[in-house]
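Listed next: structures, encoded as structure tokens.
There are two complexes below, and they share chain A, which is joined by chain B in the first and by chain C in the second.
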Partner chain A sequence: MILNYIKIAWKVLLRHPFYTFITLFGISITLTVLMVVTSFMDHLLGVHYPEGNRDRSLFVTSVVQKDTTRSSRSSSPMSVRFIQTYLKTMQTPERVGMTSMFTFANAYVNGKRIKLFTKYTDADFWRVCTFEFLDGKPFAEQQIKTGDQVVVITDDFQKQYFEDDGKTVIGREVEIEGLRYRVIGVVKGSPATRPYSYADVYFPYTVPKSNYERGNMRGNFIAILMAKDKSELTTMQSEFQQAMSRIPQSGTEYGSKYTNFTIKAEGYADQYMTSFFGDDDSRRVFFFTAVAIILLMFMGLPALNLVNVNVGRMMERASEIGVRKAFGAPAKTLLYQFIVENIFITFIGGSLALVFSFVIIQLINNSGWIAYADLAINPTVFLVSLAVCFLFGLLSGVLPAFRMSKLKIVDALKS
Partner chain B sequence: MIKLQNVEKVYRTSSVETLALNNINLTVNKGEFVSIMGPSGCGKSTLLNIMGLLDEPSQGHIEIDGRRVESYQDQKLARLRNEKLGFIFQSFHLINDLSVLDNVEIPLLYRNTSAKERRELAREALEKVGLSNRMKHFPKQLSGGQKQRVAIARAIVGRPEIILADEPTGNLDSVMGNEILAILQKLNADGATIIMVTHDDSMARQTHRLIRLFDGTQVQ
Partner chain C sequence: MLRHFFTLIWNKRKTHALLIVEIWASFLVLFGVLTFLLSNLRNYREPIGFSYEQVWSMELTNNQDTTDVPAKVESILRRIRAYPEVESASRMSSNTPFTMNNMNNSVSYQNASTLAEFYRTDESLYRTLDITMQKGRWFGPQDRSARYTPLVINQKLQEKLFPGENPIGKTIKKDDTHFWKVVGVVETFKGKGEYMNNTPAIFEPLTEKDWDMSILIKTRPGTDATFEANLVKDVLAMVRNWGAEVTYLTESRKTQHNLTLVPVIIFGIISTFLLINVGLGLFGVLNLNIARRRGEIGLRRAMGATERSISLQFLGEIWVLASFSILLGLLFAVQFPLLHVFDMDAGIYLLAMAVAVVVIYLIVTLCAWYPSRQASLIAPAVALHED
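Moving on to the complex of A and B:
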């Protein structure tokens, strides 16, 4: 029976190529957009290489100092001193990793300039992150203590800087901004969309030029507090709050006074939002409401269009309905038939969307638009979107189908 | 088999009221071949549709096999149409998206018949109307006479006791028309009760009984 309906649905589709095109286009574009967007969101906010511990980490990325008497405000990452005094001493975190926000540097190969993103990190940074070492190893506490001029580089930079002679580059030297560093590790690079791990070269924070001794509280470093387990995040959060509350509110920084400061430890997605919207919650709410409305429209418009086209299409089939009823089809069965047809169409649209999304995501991954992009189709998102599509298929089909199934036989046959 | 009592049908539109059938009383017995004649607009189709449960009378009673149907709901009416009645229309009303075989199978879709059985019964019905060589064709690829034979196959595939035909030869030339009539007569000889609307005297004369309508009233 269902097979029979699907057979008819298929033939109806073939008979109305334009209608078919509009419908499938609507469904599959909606789904594709949804899937690509969520895949991108997941790429940005999910747990991915080399930040494989995001889900059990809190990020402390900036401190804001205010002077209420002069209504001035300074915001920046933190100093190494601050991180070492107040964060590294915390009990709950398994590790507290520290890295500078990126800085830039130039390297030259055969007279050609290579522009580099650089990071200064501590040894725990390599434990908090989940970098894959293709060669060598990260720097250890000892090398940081002695301020060794060593460097961990990415495979991309290795390719650009060294000739590919098949030999290891560990122990060889790179010259960056006039200083020579010994390569001790090669990692698979991180996408540029992950600002706390992305760089081309990684130095110990104690090498010259890192300026790590600058600042009381504000500096150029962020900290990643990694708990032993997700469940300890709240404990870690309260310990962080307590630690911060013990610091005097006012002080002097780079020659200017501040009367109070704020600092937050947040999950990755939260701090990402904060970096976009600031601390203002209402802006965040506004943004998400707008996104929700846009999404709804995105799904709603094709649905409305579907209803419209469906009504027209079913009117065309009045005679078929008349015939089926005359030969014993109850209204309920016809209703069921049209719903099955609609779901079938939605299903085709969904499959197309899956293919489109896959192709687009592959294109993004391979385009080099984002280095090391690792977008993927999220099965949950696909299923949820498909369910939403089904729902629309149902709604858009049920209404006209209901009307048609209630049509009087003689009237149906006349048209 | 079919019994109409004081049947009246009024069509109401916003401006006019048409009395399409006026106090019709008639009985069609099992095995009869009845023809209905009358001028255009006199209510022949309306009468046939009411007898076939495709339309409801405004007044009066209908009995099929001794059962009064006016209280029947959609589901029960559908069941009755499916089991007892077969229709043949002047304009064939085949579903263009379906092959000949699939068209003929339609009445069987609405009862418990396996796909295999449906195929067999549809094939048998098509053989009866001499179209077993056109099963995979689509309606568009058939002549008018062939379409009507497909429609007849569809009407008989469920072995209904009553066949209702509204000008089944109206769109066909006389040779085709006679072929169709011959098929109907054969079905009648095999036991089917047939009620046929026609404009053709010579055809009406070949049936058992003639009902004549004039302006919604039975005059013969």
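Moving on to the complex of A and C:
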């Protein structure tokens, strides 16, 4: 029976290729846009290499110091001293990783310049992140204590600096800004969209030029608190709050006074929003309203279009419904047929969308627009948006058809 | 004629409601995207005000070394100027062209006050970046012993603080004891690249106490990375444990542009597809409508209506429909300039509205053209023939 309905559906589609094209175009383009956008969001906010423990981590990324008398405000990452005194001593986290932010350097090799993002990290950073070591190993506590001039590099930097001569690079030296470092590990690089783990070279934080002794509270380091598992996040959060409440609210930093400070430990998505909007909730609300309106517009238009075309076409089917009713088909069977038909066309549109989004995502991944991009199709989003398309098809195609199936046979046949 | 169209449309208002909503929504989407596009385009057309080819920027970091920093930076600058490959070099605050850094401060003169970008720099910046002076001159050695700190402003700031006056020689209050004196006006200076708004800018001279550690270096044509490597090596040999990072302004300009262009391109592509989608849908609906109104067309033809008047009727109907939707859309769109929703010129909004109106009429006409042409070709004998 189903096969029969599909055959009918196929014939209906072929009868007016132009309308079929309109419907498919609408469904597939809308779905494609939705899928690419969500896969990009997932790329930004989901759990991915090398931050494979994001879902059980809290990020402490900045401290804000305010002076209420002079209405001044300074915000920056934290100092190593602060992290070691207050965060590393916490009980709940399994590990507390620490890394510097926004440091850069250049390396020169054979008359060519290589631009480098650098990170100064501690040993726990390698345990909090899930880097894949292609060669060698990360630096350990001992090497940090003795201030060894060692470095972990990415495969990309290895290729550029050593120009792929096939030999292992472990134990060889790289010269960066006039200092020589011994390579002890090579990791698979991460995309630049992950600011807490992305870099080309990773140094122990005790090497010269890391400035790790600077600052009481503000400095250039962020901390990642990793819980043993997800369920302990709330415990960790409350321990963090307690630890922070014990620190005196006022003090001096870089020669200027502050009267109070705020610091937050947040999940990755939350801190991502904070880094964009600050503490200002109204800006966040405004942004989300704007995004919601834009999305509603972009998604609503094709839906409206689908409804418009479908409603218009229903009249065509009147005589068909009349004939089927005259030969004794009950309303239920007719409804069933239209639903199958609708699923069929949504399915075709969905498969097209899948192909399109796959192609676009591959294009983005290979364009080099984001190095190491790892965008992928999110199956949940795909299914949900397919269901939404189906719902619209149902509302626009099946509902009028169902109403028409209630028509008297004479009326239906007359037109 | 027009009244007749209105009656026709009013009689079928229920069937047309969805169409109206669709055109209305397309108008709003188009208006939004065009505003975004046009504001960037207008910024792009304004000159950037300086030249960046062959210019490198060197970012120094002193790290743990905190003794005599300003003097060390000065000696590095003197060393850089001594190279034959270097045409001109200037020290500057960290908000060098095409970086993300900002240094905003408010300045006031009499009753006028505005926010301006402050660039602390030296006496040769205008040569390093080829900045053209509109009035007056750049600050120079003759200002060193002057009572007031000399200042160069851009034309935008002149418009804000000194409307209709000649700003040269005017003094601006810095704080209770310090005054600035304007010595020159430059045309535009858009430090964040072509797509940036032309905003007020102020150049003030560096003092011996300033720690600003960015150096802009204009190199002679043909200079390459080999010189760059030597330069960095020499500089780092002068100051132990400092950092020196060189970027080309042409590179950082590209990065800045991508920040603006990528969203523009993405929105552009998505809305193009949306409009194609809407156009196709409109075409389909009109086609169906006409197929249903064959009888009516046949009757009109039989009564002596010409082919032209038939196709004009259908085009007219869709125009009335579109006008109605656009009117609704304009009611929404006009709120943006009235309420100053975003900090944007009213002119941009108006232009975006005008272009959106034209594009909508164009799409609607294009979609209605073929169906109305088909309608006009219906022969009355065939249309009125009843089986």
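Methods note: the second predicted complex is superposed on the first by the 395 of 415 C-alpha atoms of A that agree within 3 Å, B and C clash if a C-alpha of one lies under 4 Å from a C-alpha of the other, contacts with A are read in each partner's own complex, and residues count from 1 in each chain.
Throughout what follows, a contact is a pair of C-beta atoms (placed from the backbone, for glycine too) under 8 Å apart; a residue touches a chain by one contact, two chains touch by 3 or more.
Just so we're clear, the structure is a prediction, and the values are computed from it rather than from any experiment.
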- Task: With the two complexes superposed on chain A, say which partner A:N4 touches: chain B (first), chain C (second), both, or neither.
- Result: first
- Go through the superposed model and pick first if A:P248 touches only chain B, second if only chain C, both, or neither. neither
- Go through the superposed model and pick first if A:K408 touches only chain B, second if only chain C, both, or neither. first
- Note on the structure: Winner on chain A touched-residue count between chain B and chain C: chain C
- Touching A:F327 in the superposition: chain B (first), chain C (second), both, neither? first
- Query: So, A:V309: does it touch chain B (first), chain C (second), both, or neither?
  - Reply: second
- What is the contact status of A:L301 with respect to chain B (first) and chain C (second): first, second, both, or neither? second
- Query: Between chain B (first) and chain C (second), which does A:G368 come into contact with in this model arrangement: first, second, both, or neither?
  - Reply: neither
- Item | Residues of chain C that touch chain A when the two form their complex | 18-19, 21-22, 25-26, 28-29, 32, 59, 61, 63-64, 224-226, 228-229, 232-233, 236-237, 241, 243-247, 262, 270, 273-274, 276-278, 280-281, 283-285, 288-289, 292
- Task: Spell out the residues on chain A that touch chain B in their complex, using ranges where they run on.
- Result: 1, 4, 7-8, 11-12, 15, 319-320, 322-333, 408-410, 413
- Message: For a test of understanding, state which residues of chain B touch chain A in their complex under the given definition.
- Response: 49, 52, 54-55, 74-75, 78-79, 81-83, 86-87, 89, 93-98, 102, 106-107, 109-111, 154, 158
- Message: With touch defined as at the start, can you tell me which chain A residues reach chain C in the complex?
- Response: 18-19, 21-22, 25-26, 29, 33, 104-106, 108, 111-113, 115, 177-178, 208-209, 211, 213-214, 294, 297-298, 300-302, 304-309, 311-313, 315-316, 369
